[in-house]
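Labels for the chains are A, B, C and D, by order of writing; each one numbers its residues from 1.
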Amino acid sequence: MNLTLLPLLQQLLLVLAAIVLFLSFVLLAQVRLISAIHAFAWQGALVAAVTAVVAATGQVHHLYFSAALTLALKALLIPWMLHRLTRRLNLERHTESLQSPALVTMGAVALVIFSYWLVLPMIHAEMTFTRNIIAISLSVVLIGLLMMVFRTQAVAQVLGFMSMENGLFLAAVSATDGMPLVVELGVAFDVLVAMVLFGVFFLQLRDSIDSLDVDRLNRLRETGGDSQ
Amino acid sequence: MTPLLLVLLTPLLGALALGLVRRPVVAGWFNLGVSVISLGGALWLGAAVAVTGEVSGTLGAQLFGPSAGLGFRVDAFNVYLVVLTAFVGVTTSIFSRPYMRYVLEIGRIGPRRMRTYHSMYQLFMFTMLLALTTDNLGVMWVAVEGATLATVLLVSLYRTPEAVEAAWKYFILCGVGIALALFGTVLTYFAAQQVIADPAAGLTWSTLYANAGGLEPAVMRLAFVFLLVGYGTKVGLVPMHQWLPDAHSEGPTPMSAVLSGLLLNVALYAVVRLKMLVDGSLAETASPQLAGHLLMGFGLVSFLVAGLFLHRQRDIKRMFSYSSIEHMGLMTFAFGLGGPLATFGALLHMLVHSLTKSAIFITVGHATHIAGTQSIDQIRGLIRTQPAVGWSLLIGVAAIAGFPPFGVFMSEFLLLTATMKSAPWFTLALLSGLAVAFAGLFRHIHPMVYGVPPEGQQPVEANMIPVAVHLSLVLWLGLAIPGFLAGWLDRATLLITGAHLL
Amino acid sequence: MSLTALLTPALSMDTALHLAGLAVVLALLSSIVSLAARRAPWVLRRVATPLLGFVGLAALAAGVMALLVGEVVSVTLPLGLPWLPWHIRLDALSGFFLAVIGVVTCAVGIYGPSYVRSFEHGKDSLTALGGFSGLFLTGMLLVVLADDAFLFMVAWELMSLSSYFLVAFHHEHAENRRAAFLYLLMAHVGGLMILLAYGVLAAFGDSFAFVDLRAAPVPAVWAGVAFALAFVGFGMKAGLVPLHAWLPEAHPVAPSHISALMSGVMLKVAVYGFIRVCFDLIGQIQWQWGVVVLAIGCLSALFGVLSALMQTDLKRLLAYSSVENLGIIFIALGLSLVFLSADFTELGALAFVAALYHCLNHALFKGLLFLGAGAILHGTHERDLDQMGGLLRRMPWTGLFFLVGVLSISALPPFNGFVSEWLTFQAALQAWQLDSGVLRSLIPIASAVLALTGALVAVTFVKVYGIAFLGQARSRHVRRARRGPWGMLAGQGLLAVLCLALGVLPTWVIGLIDAVPRQVLGDGLPQAGAYGWLWLTPVSPQTASYSGPLVVLMLAGIGLTAFWGLNHLWAKGAAVRWVHRGDAWDCGFAPPSPRMQYTATSFAQPIRRVFGLLFQIEESVTIQEDGSTRHRLRIRDRFWGLLYLPIARAVESSARRVVRLQSGNVRVYLGWTLATLVGLLWIIT
Amino acid sequence: MGNFLTGSGWGIAALQSLLYVALAPLLVGWLRKVKARLQNRRGPSLLQPYRDLYKLLAKEARVAHTTSPLFRAAPYIVFTATWMAAATVPLLVVDLPTAAIADIIVLVGLLALARVFLALAGMDVGTAFGGMGASREMLIGALAEPAMLMAVFTLAMTAHSTNLSSVIDHHLSDGFVLRPSYLFALGGLVLVAIAETGRIPVDNPTTHLELTMVHEAMLLEYSGRHLALMEWAAQLKLLLYGTLIVNVFFPWGIGQGLSPAALGLGLAAVVGKLAVLAAVLAVGETVLAKMRLFRAPAFLNLALLLSLLGLLSHVILEVGA
């Protein structure tokens, strides 16, 4: 793929996607919760921007709508809700360090390479542009998952989850010019409801275990103590 | 379209209305009424499908244009699941009415949460029915995610630390799984865009299936992995199953019955639909059976591991949820095996497992009510205290363990036969798995139903009609499969595998 | 089924089939009627259990008729899978086993009503007892009648499941629950094996109907696999060593009349299954099968009888003895397989008939003995031999019938057990005709084992009878034993009379059974009755002959003459009092007390020392503080440690390992998801 | 078999059976006489066993309170079964109908029947000795019976018949053949006979020390005619085994027709052979001592081994292929 041959808008698209990926790394490594929420908001905004750019390149009008939706939801509403929740839960100053950040970051890098390797055989040569975008979004999804694995804080886990959704959205928009409107509306609605429910659960969790440390959720298990 | 609307709108409107009904007693009856109406709709739909072979159409075509609306397709495969879902919905709501009243009486929940419960119950039914009937993969995803959202509050309904924990795990794991499934859906859509002109139809299953041969194999392969891991989480395939026992054991018992009996089926239904697409796409490649092999692998692992899990259980509801994992594993294996015989067996197994397992969960609800605990060690002498409950539990477990003359035996017989024909060596694994699971179930069941009850254990008011109905149906299916059902399943088999069995 | 067809006295297969159908319907009816027993306990005693007697009668009539006519009749029922309806078929083989089921059931039907009366005031559910008894019989009858694998399996598992509920009838004792669990587990595994055997055959045939299985062109290797699976599956049900562990646990804990059915009949149904699959369906017999069956049969016979000898619990002893008898049946079947594989059809038929005859005999005398044990249990509430003694004087009729059972099972002339063992020996003695030297030398060893077994059985049952019925009572409740009701005695009496009749008139019985090998193997025993009904000459008159009637006649003649001569003629001549009662000789020490008698344990002590290696024996003598000594003896089945415990431990330890998956940490769970995803993605590219 | 069933055949059979009963005490008398001579005693008269029997028959029978009717029935059953068993062994001539009624397996069965009743009678009294004797008797019987069956099976397989008459006929028609299998079978059968008839070294028929008794322990409570029948049955059993050994392994002299000459020759031959056998037995008993009970299994295992070797050497060495 020769970058110079691409139209400017597509070049812009690549830049934006790269920043989305970078923000995933930021999310992964960020120790301060508030900053992580900010990073997430930026990621959402970038995804919205990507959507808008795709809408502009492809003249797909309903994508403008989804761009607005994404911006509202991912960049504004959800971060705002998270913000409010952290304040309510007295977590503004909460920091959380990964146990071995270097290793986790290396793992994330490996996942990026893996994603790229994965999509390599996928598509005919003329569509390399799309393919690479898919690789990026796949990496964002996987890093989101990785973040959920390594973050012990419930809010951080939700951030990871939401960042996965960002990756999905990136893929949907950039590779396929967006999904049918019904589906997109449905997905957005589900994400919103999920966020509301997450909020409910933060409160329930704090009520029941006095903390949002998911490692302390270990009552339900089979190991330890003989069953008979 | 009318029956379809009846099936879908009844629970949706019911959910909204139930959110407003304040009196728990009324809500219980209302819930039952709503379920009965949807069952009526489902039966009507079934009759319609029996006559015409397939009912399809688009809802909201006027609103969004013919291609953008909600496409529906009800064929032999999903219609029996629709009827099953509506049916179990009714019987469970029969059970749920007195049971939840008891829960309310002992103060585990208040009237407000009771409202949530009933409303979510119907919402959950709606999402499942939607997932089953829709022709759009995207909508299906939305519906399955919606099912998660609807049930997650139910799991934490009791607000005990365990319940909250279980709900959180359920939410996170299924959320992640479903997100991965969405990625798979996106990839499928992406593959579809290469071959299907109308972008709006790119997620319509019927269209995709018709063009399955043209879908890019490399993309579909990738997509299927995501879909399998995603929906597989929801099916409860090992090693993504961990949410399942937690959610089943901590939620209210009627919820466990529908989760185990229905939700898992719906997720498996989704996997099978997608497998059909992938099979079409991979038919010409070097590994045409890839999807099947993956399913077989996951199925077998789930089956064996869940069987072992059964041996170390302390909680009766957890135990039966592992049993559900085991059976879902078996079905997954069978669908993976492919071929008309295995598919027919798996379809039948879906049916009988749902019926039996929901009957068992209902009985377990009564049993825990009698003993006042879910701990296996403290449930004793049920047959003496309340013979109806004790015997139902024992017979239900015998049925689920695959003893004739119950239907589970029939389907397991078919599955084993099919396995023996196409993959004889797996039979050994299946057999040892069955034996291990069997031992695991019965070693715990025995002391619970037999023996001398503890001092002061009293019988409770129990409505055993749903259990009796379910078990009689399973018995009937074990003795003879009625012709119309056989024809139905055969048509579904034809849809899935392209070949008749009969 | 029309009533007129039933009433037509004509002997025809259709009538037989109708009778068999009637038996099934009656059994179901008995089961359904029992549902009322919850409200009205008398239903069980007055309706449900007597109905079983009629079930037995119908089955017996159907079976005998099928044997007499010697043809085949089949029908299809509109049940089952859409493409595999239930096939029913009645031929000589099914007829024979129907008769076996029928005759014992008949006796149980007579015996049962008085026996179940004692449960009416117990806590255990009478509905369960009656309902599952009926289903149990239904299952057994349908197994024998089934003509496709699916119905066979349904009936088979129905039989297992309902008998399991009967084993768990007295469920308040933990060991009974354990027995029931073990039973059900092994029955399930065995059932799966059988299913697999059918599956292997069906893979080469068109469908699961027996017609197609019979016609299936199975390659030799797969035939061997099918045979092995069937042997393991049916052997598990038949209680062959080392798959016998459930049997001595499960049979004793069921109510006694059910134990009689389980030991007397259900094990035969397993034999039926084995014969049906291996002789009839697979068909192409290989000599290795015969050797395997022979070896396992020998092992079971010897181990079974030695274990029986070690027991002190009467019903457990009887259960172990069933293992031994099934071993003998399988020895005969093994011989038959060996001969058939070498194309000696007539000799194969001889051994086959011996096996069938022993099936029938075992059903009769084991049924009789279990009913007797039930009568003792009813009269004394005691199963422990070491508490019994002197029962012959308290329960003379039961004692007499039990003695008949003891003599029959010990294979003593002129009772029925002897005839079948004699036939087996005759078959074994024809080994010289075989070409293979190895087989020629193996078969004599098998017959040596058979001989040893026979002798040890005699020891075992001398012990049982001597300890339980003779001598003096060893406990107070046994001293006050009650004579059983007439119904119970009549049930035992019927079987006792049959035990003698089958020993005295073997020619007639073999004439009936002959239809089975003629249908299944294509050849019978034309020589058996060549010299009329007095003489049994299975191979040829020159080779061997036995005349049961004359033996009885002479025994009775000489014995009575001697008795009459000595007591009357001689007594008149000599003017002395002829019998004088007195105390037993005390050797000049303390007068004999019941506690000085040999006990069941001490009786078996010499044999225990001789064959001790086969068991895990823990024996210890401790001296108490007060100077008295205490002897502790514990005998365990070696196969537990060799076979069962390792499997149980393996499952336990893998379960313990597997549960680590459920560690409780949601992050670990997510890690699994991630790992699975990455792993799968890796695999597909 | 057909040629067996004639009227005169039945008559001779009855005569032969009576002869068994009549001769049995004589054999014991002879045995005791020889033994006494070997021990440098004069010993009782040859007819002493007859006198003993007569004396017992004339005495009153005492029966313990604790016994059941079985105790009184047992002597008749034991006597009858033993006699019946003996009747099937050709004494003077072959081809009698009694041989067709019951072959060697039935013979073993009848002896087992007698043993079972003997043991049951022993246990019926309810004393320690009865049970002890029964337990030991059954142990010995359990081990002896298979050995005996194996030994006779060797014969039966050679002659292709389990009918004793046919076996003897076969031997006579074959003439003198040296068969390894017979050597083993003979050894086995002799050991079995010693054990079964309660001779030294397995049991001592003359012992009066309760703890060492086997056979006598079961008879402790018997008296009068019951004891007489039991003793007589034991003597019959000895004669039976003796006849079996001499007539099967050394059949020469036995009559093959029903003529008086054949009968006379047969009688003379069998008396002579039995006299020699008893003398050999007496020598054996004089030089050996009684074994401990738990050596008896080893003794009988040897018998079983010999018999089995006989059978194996038959199928391996003599049938060929």
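Some notes on this structure:
The criterion applied here is as follows: a contact is a pair of C-beta atoms (placed from the backbone, for glycine too) under 8 Å apart; a residue touches a chain by one contact, two chains touch by 3 or more.
All of these numbers come straight from a predicted model, not from anything done at the bench.
Two chain pairs, C-D and A-B, are weighed by contacting C-beta pairs, with C-D ahead. Work out the mean CA point of chain A and of chain D, and you get 99 Å between them.
The mean-CA centres of chain B and chain D are about 78 angstrom from one another, to the nearest whole unit. Annotation: 35 Å between the Cα-based centres of chain C and chain D.
Separating the CA-averaged centres of chain A and chain B is a span of 30 Å. Multi-chain contact residues of chain A (touching two or more other chains): 118, 121, 145, 148, 214, 217-220, 222. Chain B has residues 168-169, 172, 176, 180, 222, 245, 309, 311-312 in contact with two or more other chains. Interchain contacts (touch definition given at top) occur between A-B, A-C, B-C, C-D. Contact residues of chain A toward chain B in the complex are 118-119, 121-123, 130, 134, 137-138, 141, 145, 148, 154, 157, 161, 164-165, 167-168, 171-172, 175-177, 179-183, 186-187, 189-190, 193-194, 197-198, 200-201, 204-205, 207-209, 214, 217-220, 222, 226-228. Against chain C, the residues of chain A that register as touching in their complex are 111, 114, 117-118, 121, 142, 145-146, 148-152, 214-215, 217-223. By the touch criterion given at the top, residues 1-2, 57-66, 68-70, 72, 76-77, 79-81, 83-84, 87, 100-103, 105-106, 109-110, 112-113, 115-116, 119-120, 122-132, 134-136, 138-139, 141-146, 149-150, 153, 156-157, 160-163, 166, 210, 220-221, 224-225, 229, 293-294, 297, 304, 307-308, 311-312, 315-316, 319, 321 of chain D touch chain C in their complex. Chain B meets chain C in the complex at residues 168-169, 172-173, 176-177, 180, 221-222, 225-226, 228-229, 233, 238-240, 242-243, 245, 290, 294, 305, 308-309, 311-312, 383-384, 387, 391, 398, 401-405, 409-410, 413-414, 416-417, 420-421, 424, 427, 431, 434-436, 438-440, 442-443, 446-447, 450-452, 478-481, 483, 486, 490, 501-502. Of all the residues in chain C, the ones that touch chain B in their complex are 78-83, 123, 125, 128, 150, 153-154, 156-158, 160-161, 168, 171-172, 174, 177, 180-181, 184-185, 188-189, 192-193, 195-196, 199-200, 202-203, 208, 651-652, 654-656, 658-659, 661-662, 666, 669-670, 672-673, 675-677, 680-681, 684.
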